[in-house]
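The next part holds the structures, each set out as structure tokens.
Here come two complexes built around chain A, the first alongside chain B, the second alongside chain C.
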Partner chain A sequence: MFERFCRKGAESVAFDVSCVWFSFKVAIRYLHVTLFLSVIPLALGVALGTPIAVCRKFRVRIASQVAGALITFLKGIPLVLYVLILNFMILKPLDKLAEYSVWADKLRLMDKIEYYIGIIALSAYATVVISETMRSALNSVPDGQYEACFSIGLTRGQALRSIVIPQALAFAVPVLCNNFIGLIKGSSIVYVIGVLDILNGAMTSAQINYRFLEAYIAAALIYWVLCISVERASWILEKRFKKR
Partner chain B sequence: MGKLFDVALVFEYMPVILSRFPVTLLIVSTSIIGGTLLGFLIALVRLYRVPVLNPAVVSYISFIRGTPVIIQMFLVYYGFPLLLLQVGININRWDKLYFVLISYMLNNAAFMAEIIRSAIASVPAGQTEAAHSVGLSGFQTLRRIVLPQAFFTAFPAFGTRVVNTLESTSLAFTLGILDMLGQAQAIGVRTYHLLEGYVVVALVFIAASMLLEKGFAWMERRLIPN
Partner chain C sequence: MIQVKGVRKSFGKNEVLKGVDLNVKKGEVVVILGPSGSGKTTLLRCVNFLEIADDGDLTIGDLSVRFKHATKKEILRVRRRTAMVFQNYNLFNNKNAIENVMEGLVTARKVPAADAYATAKKELDKVGLSDKYDAYPSQLSGGQQQRVAIARAVSLNPEVILFDEPTSALDPELVGEVLAVMRAVAREGITMIVVTHEMSFAHDIADHVVFMDAGVIVEEGTPKEIFTNPREARTKQFLDRILLKYDYSI
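Let's turn to the complex of A and B:
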């Protein structure tokens, strides 16, 4: 009985702190889901966004125009639409393919498929956001730095690696940390497609005892602590990069 | 169900979904106006380090910046009626839209407070001292010397915030508000054509955010010398 309900006769109390603690214990079990949903998109976003930014900075033919046009468009789409549209575009074709192939049928009924869709959607969103971060970081390094590099005979790759990127990083790191915080908060949106993350985990506890306010407070506390820790880490990193 | 994606339906749904655009505009405009006013007060509390209020305001800003908007929205939805019931006001029958407006306003107040505070702090102290030395009062200094200069610093960040708010209002449908996304889902439930509705919503958001960005860039060029 005590396992399922926070307190006997809790229905009579308007607000019950013990229910917050109960929801907290349930929600914290899904901490790793939220972390995966924000760390993997962050890593993929940096890995895919940086080349896009470099392409646009050096005006690589065709690629830079395509990337520029795409990103100006994709930038305007809210994250929740990425999640909903990709969820639809991945699941519906699989439903149709399932009539013809066995693996498509297996794939659509796969355990945690919505979790992978969430990661894909968040990664797509992160790529767009981070490519813009990287672009402004590259633009923050004055052109004179390149000219100086070329004048002493460095190639473009050498100039980027040893002169420009270290300077751009000092600009990019605090912004990337901000993007990371945005992704942690944004990852809660995957609850619309039913991924069991911190928010949805807290909700499962509320479905047992109808303590929704307490459950939301518990979830909010976890997100708050997560974001504050990333912010603190960002300050430490920033100091380290400024010292150089 | 028929085809996965039917372009004709995009045009068919466009007017229906566009008719819900005013809801989005309402949320954005009220939350920006209310948020700026409230944010200004919060910024003053922080700048003048008002005792008792200052630490409360600091943790308020940290909380708003550290938690997702969806959670804030539901906290307001479930928490506000309970809070007001303590002082004897029953708002259980309020329309859901009011809760959305309040939560976005509270959300923006925290962000606006930070924008306004850092803008005012960026005005050199010498300006205030100079104003005092020619005999301006504290309020006069703020209104005539500090705020006009702070305005130019705050303006670009303000523009970014408005665009961000526009995007985040897309979450209002999770509370059951019939905005553009809510309408698209209502159509989807009826016709099994979800994707077309989503595409319409995405197009409207792209157009609106581009317009806003261009508009703010234009105003920035016009307003700010150099």
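Let's turn to the complex of A and C:
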């Protein structure tokens, strides 16, 4: 079946578009993996990053200091290390635990465990990045807006809901779209722990016909289309949110 | 009646208000004058609890609070009896003119939206913006924004409106329209405390003039007393300087 799409063997050096097409077809089957690996971290990043940003903005005692120190530390770590470290931190103890507990053993041998580790790592990374996005979004609303709210008798909660958050969101949306694009591209890093996503899918096709360049290009094309789509959506969203 | 007694406020080691007393009768317009850094803004902000004063008492009608010990609830009560017009307008950027005026009515006062809309319309008409209901702050000139801000304050029917240099961020040709609106507000009998450097306006509008310097009230009296016959050297010096600078005649 493979030969049908990419007839030429490894001995041929010329670039072959049909091999790109072949790799593309293999890789696209893992589109959902890449989407899950970026959409779930995006959602978790917003859900966890926003309260962290709020804590830091309003200097909530202890929480803001802990979050501040943690974020400052985590911000300086490359994504690939999140993946490798979490992979190690989850798998190694599981191996140990498996000697005592059937439950841990099951977990360890669970289908797609590396996929879940990838999601956890990317979510941690996204939380750090997005908490910073949200913080700058909150900071983009001038103090005068809060003061005007208070002066007309709004409570802090009311001020946040009807004035501050809508304005912060208008600022955050395009940045979040960029964060999302970063996550889509960044998710390809999970190949280091063997998750079958778009990139790894393309690679498996190359392992059959040794057409690595064609496979890379096929993967690049898919990522490119994904990112362009998000960017287009971002423009539309931005127009919606930017009430002048 | 608004009564401020013995208000003190420091920023770090810098004592900005050193025991200020202020009495404002109902319907009165009090103008506060004073050189830059004398604590005028801080005084207004303390009355509205945008700053928490270190000491002193505040009475607004039947509501009395100690600045330092005011609870969240008391602060909210004070804020719902006062309104503030800021130097930089501070209109809500995500809301158009009519929504800016409605916000306090609907969200803080729980006025039904339809009634709030009618009130907002009426107040915007009064400040001459009947053609700008749907305009966002960025589509309005400074003078128009400040007029919306005044409509927003007046619509809440507060016991006092605090004005902090409402015209000093405006281009000179826009000052007049805002002052005219403020005169109209004063004529309605709304109690006002106004910080301004517009001397002829202060002279016309004020029932009572207060001169502050270095965190204390140096002198107070009727406009006539203060402008034409100041007792204190510091007042005289300030008036000479500012009248010379702005070349106003009274």
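The working rule: the second predicted complex is superposed on the first by the 232 of 244 C-alpha atoms of A that agree within 3 Å, B and C clash if a C-alpha of one lies under 4 Å from a C-alpha of the other, contacts with A are read in each partner's own complex, and residues count from 1 in each chain.
We adopt the following convention: contacts are C-beta pairs under 8 Å (C-beta built on N, C-alpha and C of every residue); 3 or more make two chains touch, one makes a residue touch a chain.
A quick note: this is a predicted structure, and the numbers were derived from the prediction, not measured.
Participant: Please indicate which partner A:Q167 is in contact with in the superposed arrangement: first for chain B, second for chain C, both, or neither.
Facilitator: In the superposition, A:Q167 contacts chain C only.
Participant: Pick one for A:L213: touches chain B only (first), chain C only (second), both, or neither.
Facilitator: The answer is first: A:L213 touches chain B but not chain C.
Participant: I'd like to know which partner A:Q158 touches here: chain B for first, chain C for second, both or neither.
Facilitator: second
Participant: Chain A residues in contact: does chain B have more, or chain C?
Facilitator: So, of the two partners, B touches more residues of chain A.
Participant: May I ask you to decide whether A:F150 touches chain B, chain C, both, or neither, giving the answer as first, second, both or neither?
Facilitator: second
Participant: Once the structures are superposed on A, label A:M89 by its partner contacts, choosing first (chain B), second (chain C), both or neither.
Facilitator: first
Participant: Do any residues of chain A touch both chain B and chain C, and if so, which are they?
Facilitator: none
Participant: Over in the complex, which chain A residues touch chain C? Could you list them?
Facilitator: Within the complex, chain A contacts chain C at residues 144-145, 147-155, 158, 162-163, 166-167, 170, 243-244.
Participant: Which part of chain C faces chain A closely enough to touch in the complex?
Facilitator: Going by the criterion above, the answer is residues 48-50, 76, 79-80, 82-84, 86, 88, 90-95, 103-104, 107-109, 136, 138-139, 152-153, 156.
Participant: Which positions of chain A touch chain B when the two form their complex?
Facilitator: Touching chain B from chain A are residues 14-15, 72-73, 75-81, 84-85, 88-89, 92-93, 96, 181, 185-186, 188-189, 191-192, 199, 212-213, 216-217, 219-220, 223-228, 231.
Participant: Given the complex with chain A, which residues does chain B contribute to the contact?
Facilitator: Those in contact with chain A are residues 4, 62-63, 65-72, 74-75, 78-79, 82, 85, 167-168, 170-171, 174, 181, 194-195, 198-199, 201-202, 205-210.
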